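Lettered A, B, C and D in written order, each chain numbered from 1.
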C-alpha cells in the first residue's frame, strides 16, 4: 500500500543478516538518549531490521514513556496518568530493550563511543541516538525569583506540580499565548478562579495563526471567560504581581511561564554541528559518525519551505526517530517530508494548520469556520483550518508531496478536500491499489 | 390542463416504519418516482411515473418498499377490460401507435405447460447423472449426404461448416443499441465460459467484442447495420434475420436517442439519427432471392461459416422452413409469438404469429417427411423459460434453443416492459451512461453462467430419468412426451399422445 | 492482505455502503430499527461530483502515517488492520491532519472513527462490501 | 387389445448365439438347449431363432419365410411374388405338432431371385429391390408377413417359449455354422407371431435384450430414409439402423458399433487426433442413430456375427470360446450347459463390439 504516504524514499528494509552484527562481530549496541516519541520511534525502527541488537534507552525522567502533549488533558481530567502512556506497559520487554530511567547523561565520549552518566557510569554504544527534546525557555524578568508559585509546562512532573497548586480560589497568570500556554490555560480554566494569558505578540497562537484566525479563536476562548493581555511587555514582578511596561499591575496567585522552548543540544556541543537545533540530514544523521538525532532537539529541512528549521512536533519526532532507528540498524531510509503542522483544539473548537503561509491565499469563511489556503508556484505551501477540519490530510499531502496544483482540480479542492480533485488514474492507484 | 383519463396502474407502497430515508430509491429511479422532502425528512413518490421495474424495491436496504396494483377499477365489463379502455384513452390522447416491449403477455395457451415428460420404471433403468456421464454436447449444421473414404479406406472429414455447443442453448439476438455495452459483454463472456454462442443482433459488433468471435453469431438484418467483411468473418456463424417472433412482418426502429457514440460507430449510423430496419429485406422478395443472399454471405466468408436463417413462427412456417432448407441455409431459427423485443407495436406483438411449440412440431415433421431434416438444424426461440421447456423442445425435434428474455432476467430485468423508454433502471435496455454502469458485467456474466449451469444440471436429471444419457437421443424423441388437456388436433400437430395413452 | 478496494467505474452513488457501514456499527439486528430517524455517521463515505462517485474508507496503509503520528498510541496496527482504541484517543485530530485519503473522521463523541474492516462486528466480509449492489467495493488480495 | 405394431411394447428377454468360425455346420439342437436354460427370462409370449448356412443348396437365392393369416392372403402374396421374382422352390416350412404351440398361421418358405426385367426397370440394386418388395408385402398385403428374407439363412419364430418354438420348427434337423436364439418377455400380450424375434431383413438378423430409450429418435430418423417401423419394436428399428449403416452408408461393423453405442465424449477427448476426428465425425453425422438405454444384441449377417452391449452395459452378456466355436448368451449358464469346459469366458465391456467372422470370410 505505497501511496502518498510513501513518505520514506527508497528501500526501508535492509538485509537483516548484515545489520545484526556490528563490525566487532558481537550484537550491535544501540543507545538512545531520551524516552519520548523520537526515542520510541527509534526503538520500533531498529526492531524492524534488527531483532538481536542490544538497545539501551536512557532518560532522566523516572517514567514509562508517556505522551507529552497529554499533560494538559491530564489537568483537564480527560486522561489519567495511566492512559498517558505512549506505548503499552510491555513495550520495553516486547522490544527487548533496557530502560535506564532517572539517569541523567553528563556527556558523550564520541572518541570512545561511550555515553557518560552523571554518576560517572559509562554506557558504550555502536550507534547513538540523541533524542533529548527541548525544555521550557525561562526569560530573565526582574523580580521573577520573588514570585512564590512559578511553573513551567513541559513535562509530567511540571503538570503534577501545577496540579497540586491548583484550587478554585487561585488566579493564574500565564505568560505566553502560544500552543503550550493556551493548552495549559484550557487545562486549568475550570479548576481555578481566573486565568489571564499575557503575550508580547499582538495576537494569540502567533506562530500558527493569522490575525483573523487568531481573533476567531481568541473570542471563542474569551467566551469561556479566559482573559487576554496582548502586545504587552512585562517590566518586572513584585511577589505575586506582574508589573507591565504601561504600568498596569496584574495580581495573581500562580504564574505559568510558557514563552517558548529551547532544544536540548548541549550534549552534542563540539561533537556535531548545531544550529538552533542539532543539524540532521534526511537519514537523521548528525555530522558526527554513528551519532543520530531526532525530535524536538533537532533542526531539519522543512519540505514546505525548503529551509532548515526546528519543527518540534510529535509526528515529525516519531518519524525522524523511526528513520534514525532503521538507519542505525543498517537499513536505508530517508525521511524528507517533515513540515510544520499542528492539530489543536480548545473547548471543542478545532484548529489544524500546516506548512508556511507564503504566497497567494484562498479564503473561505462562515459560521465559525475559517479556511485559508496559501499557494504559489503551482504548489500548496500551507493552510489554516478552524472549525471544520474534516479531510484536512488531503491538503497536508498536497504540501508534503509538493503536488503540482495543475495536476488536480484546485478549484474543487479549495471548496472541499477530497480525492475527487485528483485524476482518475490517481484514484485508481489510491483506491484500487492498481496502476492502470 | 386537459383531463387525465389514466389512473396509475401501480402504487409504490412505502412502509414508513421501515424507511430510513437513505434515498437509494430516489437515486436509483430514472423515472424520478421518489423524492426526498428535506424539510420533513420524508420520502414521497409519484406513482404515475412508476413502471414497476422493482429497482427501488430490490435496493431498499430495509425492505420498506413494494409495488402493488393500484386497484383502481372501471365498471365490470368482460368485453371492455380496463386494459383495453386505458389503451384506447392513451391513443385518443396521443394519436399514435401503441408501443410495447418484451414478449406477448396475453392469455394464449402455453403448450409447453400442457406437455409432460416420461421417466423410466422397472422395464429399463433411469440413469444417475451424478454416477454416469450425461452428455449435452450438440452440433448445429448440415450433415454430409454421403460417406467418403480415402485410399486407405479411412473416412474423410467432409463435414460442412458447423457449430459445436456444450449444451443446446444459445443467447439469441439482441442488438448493441437495444441493449447496453455491459449487457453485451455479460452475454459474450458467459457464452465463452459456457462453450455456447451469443448473437449480435442487427446492431453490428463492437470492436471490443471481436475477441469473443468463436462464441459469436453475427446477424445480418434488413437494415444491414454494421455489416462489413470483417464483421461477417469475425463470428462463428452468420444469421440472416427475416423475422422476429415479437413483431412478424414488420421491421425495427431504434430511436436516434439510442444512436450515440459507440452505438453509432458500431451500427455505422450517424449519431442521433433513427436506425430503421425495413419490414422486408429489400433484396429478398422471394425464396430464390434468399438463396442468393445465403450464397453471397457464404462467398464473403469463404464457405467457412454456417448460415442461419431466422424467421418468425407464422401460419405456414413448415412450408417456409422447407424452402429455407433448400436455399442452402445450414440452420433454421424459428421465433415463436411470445418472443421478446426492445420495442414493437402492441397490436403486432399481441396478435401476430403462432406458438413456437406448434411451429416446431410442424416444421420438424415436415422436413422429415420431405427427407431433408438432416440438411438443416433447427433452433427455436420465443419464450423458452426453463430447462423443462428446453427438454420438451428438443424432444419435439429442436436441435437447440435460443433464449433472450430468460438471459435478461438473469441480468436483473424485471419484465417491466418499458425498454422502449430507453431508461432501463437495470442498465440493460439503455444507453444512458449512468444507467448502463448499473450492470457490472463481472456480476452479470456470472449470473448467466450460473443460470445455464443450473439448467444443464436439470436437463441431465430429466434425461437421466428417461434413461437417456446423450442429448442426441432425446432429439425428436416424441414418445417421451404426453399431452394433458389438449384436443386431438393439437396432439396431432404436436405428434404426441395424450397422457394415459 | 485482503483489503477493501473501490472501483469508481461501477459505483452508482447509491450510498448504501454508508448505511450498511453505519448499521454494522450498531448492535441492532434490524436496520430499520437501527437507522430510522437518525443522521448516520459512517466510516466509509461517498465522494460525488457530476457523473463520478466512489467510496472512501481507510486504506490500511503499510506505512500508516496516522499510526506514526498518533500522539496517544490509540491508533495501532494488528495483522495489517489499523485499529483505533477509542478510550485511548483524546480527539486531537492529528490523524485527520495527516491521513492523505481523508479516511479518518470525527465521531461527535471526541474520539475519531475509522474503518476497521468490520473486525469488531461482521467478521469475514466488511458490511460495505456485502452491501454494495454493483461490485464497486470488493474485499480481496491485490499486489 | 392393440396388437404388435399398433402399440409399442417394452420387453425383457434372453438371447443366445453359437458361431463356428471354421464354418463347420452344427445341428440346431445345441442352441435350443442353451436358450431353454434361460426359461425364466421369457414368459412364453415369443421365441425364435436365426440360423445361418442352413440352405447351402439354395445359397444364391433369397429365402423368404412368410406367415399367412389365411389362404386369401397367401394367394394375393404369391401373385405378387410371381410378378416380381423367379420362384425356384416353395414349400410349407416343416413343423411338429406340440401342445405348447397353438393357433399357428400358415407358414411358407420361398427361394426366389428377382425377375431381371423388373429389377432393371426398378433401377435399384438387387438387395434394395428385395427390401422394397418385402416392405410392400408387409405393409400392403393384409394377412401376409415376410419374417425372413436373406440368402442361405432363415428365421424361425412363434408365440411360445423358445425351446418349444425350436421343437415346433424341428430346428434340430437344420445344420448351420451360426445360430442365434431369443426368448421374449413382453409386458403385454398381443401374441402375434410376427412380433416374435429374431427380426430380420435380408441376411441381417437381430436378437435383442433390452429396452432402448432412444427409440422414437431412432425410428423417426430411420423412417426418413424409407424404412417403415410397422412393429414398433426395438429390434425392428435396430435392424433397420444396421441395414442403413452397413448396406446403404457402407460403414464397417466396428464403425457401426461406434455409432449405435458411441464412446462418451470424455473418452473421445482422450483419443489421438485422427481417431478423435473420426469418432467426432461419426457422432455428429449419425447422431440420430445413437442408441441409448439398455440393450444387448446379437447381429447375424452373412458370414459373421456381432455382439454388442449398450455403452453403459445395462444388460448382461457373456462370451465364451472353445476351439473354433464362440458362444454368446445373456447368462454364462446358457453357455456352460452346452460347453462345460471353455477355453475362455468374459463379459464384453459396454459399447465394445465382439465381431466374429468365418475364417474363410463369406460362407
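Convention: a contact is a pair of C-beta atoms (placed from the backbone, for glycine too) under 8 Å apart; a residue touches a chain by one contact, two chains touch by 3 or more.
None of the values given here were measured: they were computed from a predicted structure.
Enquirer: Using only alpha carbons, which chain's centroid is the nearest to the whole structure's centroid?
Expert: Minimum centroid-to-centroid distance belongs to B.
Enquirer: Please tell me the distance, in whole Å, between the geometric centres of chain C and chain D computed from their C-alpha atoms.
Expert: 79
Enquirer: I'd like the Å distance between the centres of chain A and chain B, where a centre is the mean of that chain's Cα atoms.
Expert: Distance between chain centres: 69 Å.
Enquirer: Quick check: how many Å separate the C-alpha centres of chain B and chain D?
Expert: Those two chain centres are 47 Å apart.
Enquirer: Where the CA atoms of chain B average out and where those of chain C average out, how many Å apart are those spots?
Expert: The computed centroid separation for chain B versus chain C comes out at 43 Å.
Enquirer: Which parts of chain C, given as residue numbers and ranges, touch two or more other chains?
Expert: Counting only residues that touch two or more other chains, chain C contributes none.
Enquirer: Quick one: which residues in chain A touch 2 or more of the other chains?
Expert: Not one residue in chain A touches at least two other chains.
Enquirer: Which chains are in touch, pair by pair?
Expert: Here the touching pairs of chains are A-C, B-C, B-D.
Enquirer: Using the touch definition up top, name the residues of chain B that touch chain D in the complex.
Expert: 120, 123-125, 127, 132-133, 135, 137-139, 143-144, 146-147, 149, 154-155, 157, 159, 162, 368, 371, 373-374, 466-470, 472-480
Enquirer: So in the complex, the part of chain C that touches chain A is made up of which residues?
Expert: 3, 5-8, 47-49, 52, 54, 56, 59-65, 68-69, 71-73, 87-88, 90-102, 104-106, 142-143
Enquirer: Which stretch or stretches of chain B touch chain C in the complex?
Expert: 17-20, 22-24, 27-28, 41, 58-59, 61-62, 64, 433-434, 437-438, 440, 442-443
Enquirer: Considering the complex alone, what residue numbers of chain D touch chain B?
Expert: 8, 10-12, 187, 210-218, 220-221, 223-225, 249-251, 255, 262, 264-266, 274, 277-278, 281-285, 287-288, 290-294, 311-312, 314
Enquirer: Considering only the defined contacts, which chain A positions touch chain C in the complex?
Expert: Against chain C, chain A makes touches at 1-8, 37, 41, 67, 69-70, 73, 78-79, 83-88, 314-315, 318-319, 322, 341-345, 350, 352, 354, 389-394, 396-397, 400-401, 412, 417-420, 424, 427-428, 430-434.
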